[in-house]
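These are the structures in question, set out in turn.
In what comes next, chain A is part of two complexes: it sits with chain B in the first one and with chain C in the second one.
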Partner chain A sequence: MTAAESSPGTLRAHFGLWFGLTVITAMLVAAVFAPLPYDPIKPNADAVLQAPSAAYWMGTDSIGFDVFSRVIEAARRDLPLAFGGAIISAVIGVPLGLATTLKGRASEIIMRGLDAFQAFPLLVLAIAIVTLTGNRLEMVIFAIVLIETPRMMRLIRSEGLAIRESRFIEAAEAMGARPRRILFVHLLPNVTGIILAQTSIAAANSLTVVAALSFLGIGVSPPDPSWGVMIQAGARLMTSGQWWVSLFPGVAVFLAVMSLNLIADDLDVIFERTSR
Partner chain B sequence: MLRRLIIIPISLFFVVAFSYALVEIMPGDPALAIAGNTANEREVAIIRAELGLDRPFDERFVRFFTDIAQGDLGRSFFDGQIVSHEITRYFPASVEIMVLSLLFAGLIGLSLGALAGYFRQRAPDSVARIVITALQAVPEFLIALLLIFFIFYLWRWAPAPIGRLSLTDTYPPVVTNFLFIDLILAGDWNGLRSTAHRSVLPVATLAIGTAAYFAKVARATIGAAMSSKQVQFARACGLSEFKVLQYALLQARGPIITYTAILVAALVGGASIIETMFSWRGLGQWGLQAILNKDVPAIQGFVIATGSFTMIVYLALDLVVAALDPRIRHDRG
Partner chain C sequence: MSLIELEHVHRTFRRPDGTVVYAVHDVSLTVADGTTVAIIGESGSGKSTLGRLVLGLLTPDSGRVAFEGKTLSTLSAEEIRRQRARIGVVFQEPFEQLNPRLKVGAIVEEPLIIHAPNLKAEERRQRVSALLQEVDLDPQIAARYPQALSGGQQQRVGIARALIMQPSLVVLDEPTSSLDLSVRAQILNLFGRLKQARGLTYMFISHDITTVEYFSDHVVVLYLGRVVEQGPTAKVLRQPRHPYTQALLSARLSVDPSVSPPHLPLTGDPPSPTRLVSGCPLVGRCPIETPECARAPIALQTKDEDHRVACLRA
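Our next item is the complex of A and B:
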């Protein structure tokens, strides 16, 4: 890593972080406060498949829904789902990950179990779980947590194992600190940056999972808007040229995911992570 | 290495147990949920017996394992097909799309990554980083839709996304279940051309979607290799810059092979949305349909097939990486 890459603070040095935070904040603010020009769940049968115009900024779909209103409304559902899933994964994954840095047979077995678990196509697994448990919205969060927690654990474990070799841990052990104290007082503060970065990545992944699930009509039920549902609504129209129905919700997913990834990238640089 | 081999049966046990657990997590009476509202008592009873729900848990669990050990994955609830036959029928198509997409993804990704790594911190690197970041953030189904819009609708370069053969093409006699190979064996060159043409959109989608991974890892490893002593020495010897880059690439082969293996495993079965969008009729599309139908034996077969395939790929990966790098010795680990 060069000096230019790691110098903290300036906007130029951390363009990604500021860009990402601005976009995500703007999306959240819009989701909460923005006045919607049209009712997002009441179609207007007289305005079907209108191209983007001054009246309909992002056009309308084949039922007569206003795409712009629904893109904003969908953020109210998709963003909390993704953030909720990511935060729960961190809350569960961090203590478990720290615990597996303790030497012993149990942690070895847990990690092998995780290896086997990660051998599945995880998105398909999420689809299976949500469908088989009755297609409810809460299960989407459960599926996200199931996918993201092992990743969090793995990362915290590898970072934790590296830090455990440090002198100050050795010193703490020599002074008779208990394992729990070492984990939460000495190790935890040293992995804060990694936790933040990984939570951001987890939120980005979750958003993709939510979009993919709702694209398949899993977890959310129409006419409730979700970016994935909206992209699906326009999927067939792509072959006949009405690009706006899918494109705008697609751009929303894209912007949100990219912002979260950029935030994570810069956090990694700022906290000078040692391994991944 | 022995240690690595012992893990295989343990992992397989996890995979099978997991596929079993999938039925257990269904709320209420799984038989009722599968049969749906229109089923009568008799149909529900048949499904219940089929799942073994009329017997105690431990007996069910043991029976599930012995059946699978004998290669019996049961029959689909939905269309009565034998699940293991269905898997061998759909698996080859998934392998075909995986191989083709990774070929192109590797080509695009490694070139982009090598360019960025070679010109570290300079203009080409900045452009490559923006492209990589953007590519990583686009969901694959959105790439598919954009390609359909531009390449099919606007420019008419590719045929409609309705399957691997057009309605007028006839399927060649099934020999290997690999459509490309079967077409060649049948000498059906028109069919081959048609299928290749119809592969453009789905292959391009997955290639673009996965190219970013190759680019990212190539950029990082080649970037590091370019400042290594080996490259310094190669330059000092007066080798051409192209030769130097070749040596740098050689240093980066370990991580690149690792990523390839992960993607090989992920794409077989994992590309279900893209397979479905383009009616590719591979394992992923079959598995997704099984899930949406709540077709339990098929779902379990799918989970076991993809899980085992991934394990085989990861084992092969470990062997290859160990063969390439004599410093890694698994028996001492």
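Our next item is the complex of A and C:
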């Protein structure tokens, strides 16, 4: 293990990480800045079920919406929900997870309580929360945070407990470091890779749930696009040959989820290698 | 003056399955200021537990541990924390004792940040630099991560960190046992030089008798958490009186042909530390045992001024 191995140069060898980051960045940039060729919530009755062409890059659907404009517009809604949920889970879960690595019976009880949450399927919880809070898709964030925060805590705790047994932690205790210093100076930097990887996985899970909810028609009101709604709208058209209506939003979900998982996999490998 | 005093110190551990391990059992010893005391014994003899009791990382079940005249159990958590500045520690594993995410400079200066928070960053940097030089490292190394260093360099970083608060005592927990022979000699010489220059006291935990012979003034022999023999290095290692010490010494080859260690092999396996024996812990393995040996605990008896042995037949 030399310093050179952890330099950015070798990161280029991690294709998945770079592919994933490129795709996710492109999607975010497109969602924020891309000018839309057509109004995503105003259908054109004269252009119904058009195949992809120079005028309509991804074709149009049965109402006359431009699929390309709506795929981009949907990213503005779906990605922030997924990332927001994942990041909030990390922000809450990491300090709590670190705290539970301190010795004490309280942390054991907390973890048992959290197991109950984890046993609950995210999608079912999400459906319950979204429908009970006025059918607004934004509320899915609560479901995501409720499920992903305990996952993050559990992971940080199990890694943290292993690292706590390290000699360098014992050395820090022997020099008189306070618990807070041990948590944030010695433990936290050694779980950074895991935090990033888990946040990425959480975002992928969240995106799937957001898409599934809107596919089921939960939390969305008609003209507003979401990838799940669009897939649903095109699902019946697949058999009659209008494949483009659900294919493109489907590809968007697939690319985003795959990219987030690729990022997580490579982060695991990179951080594992630089620390041992 | 004695820097460390242990009086009838006991420490047990409870395993997850409920059995109790008697790691340190009724240990009394003192370490005089400015000396090097070696704690020797096989793995599992309680050497490292003893070190951690002195560091205050473990508290004794009963008995008294005092450092610089202050009994650790009477101090508040904050006082013990302050006390930690007076004791340095170097561990066996050169790399594992250093946080892989901190640069060498940050590792060495950490005790200063904890114990001298008012010190300016520039002052800290200078002290780190001076200390790195004192342990024969290039101060430039402060900007590197421990993974990029050799085992010997990592151990020197550990030593620099142990010394930065100018402690009176340094606990060396097998500090050379995972190093190459050539590096081992260099590190031992460094310990000798630092002791001279700084008037340090060492508590040297080791199972390497050759190193102990070269390095220490006094030797304490532990067996199953009990002191079986203690005294000046020359007496204990040249004229061992306890059969366990004799067996320990006969297990190595002497470089001095005039010394022919008595060959007294022990029979059987060491008993489990989970069983508390009433008499001598060596009963059942000892070549010279008598029925008397198993009856009652055997106290250390002074044999030759400062040479003390816990054996009825010594």
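Observations on the structure shown:
Everything below uses one rule, namely that the second predicted complex is superposed on the first by the 257 of 276 C-alpha atoms of A that agree within 3 Å, B and C clash if a C-alpha of one lies under 4 Å from a C-alpha of the other, contacts with A are read in each partner's own complex, and residues count from 1 in each chain.
Quick note on the criterion: contacts are C-beta pairs under 8 Å (C-beta built on N, C-alpha and C of every residue); 3 or more make two chains touch, one makes a residue touch a chain.
All values derive from a computational prediction rather than experimental measurement.
The partner that reaches more residues of chain A, of the two candidates chain B and chain C, is B. Once the two complexes are overlaid on the shared chain, A:Ala82 sits clear of chain B and of chain C alike. Within the superposed three-chain model, A:Ala177 lies in touch with chain C and out of touch with chain B [touch as defined at top].
With both structures placed on the common chain, the touch criterion links A:Ile201 to neither chain B nor chain C.
By the touch criterion defined above, A:Asn261 reaches chain B but does not reach chain C.
Shared-chain residue A:Gly241: touches chain B; no touch with chain C. Contacts of A:Phe117 after superposition on the shared chain: chain B is touched, whereas chain C is not. Taken together, the two structures place residues 2 of chain A in contact with chain B in one case and with chain C in the other. By the touch rule above, chain B contacts chain A in their complex via residues 7, 10-11, 14-15, 18, 22-23, 25-27, 33, 121, 133-134, 136-139, 141-142, 145-146, 148-149, 152-154, 160-161, 265-266, 269-270, 272-273, 277, 284, 287-288, 291-292, 294, 299, 302-303, 306-307, 310-311, 314.
By the touch rule above, chain A contacts chain C in their complex via residues 1-3, 166-168, 170-178, 181, 185-186, 189-190, 192, 274-276. Touching chain A in their complex are the following residues of chain C: 55, 57, 80-85, 87, 89, 91, 93, 96-102, 110-111, 114-115, 144-145, 147-148, 158, 161, 165. Within the complex formed with chain B, the chain A residues making contact are 2, 4, 16, 112-113, 115-117, 119-125, 127-129, 131-134, 204, 208, 211-212, 215-216, 231, 234-235, 238-241, 243, 246-247, 250, 253-255, 257-258, 261-262, 265.
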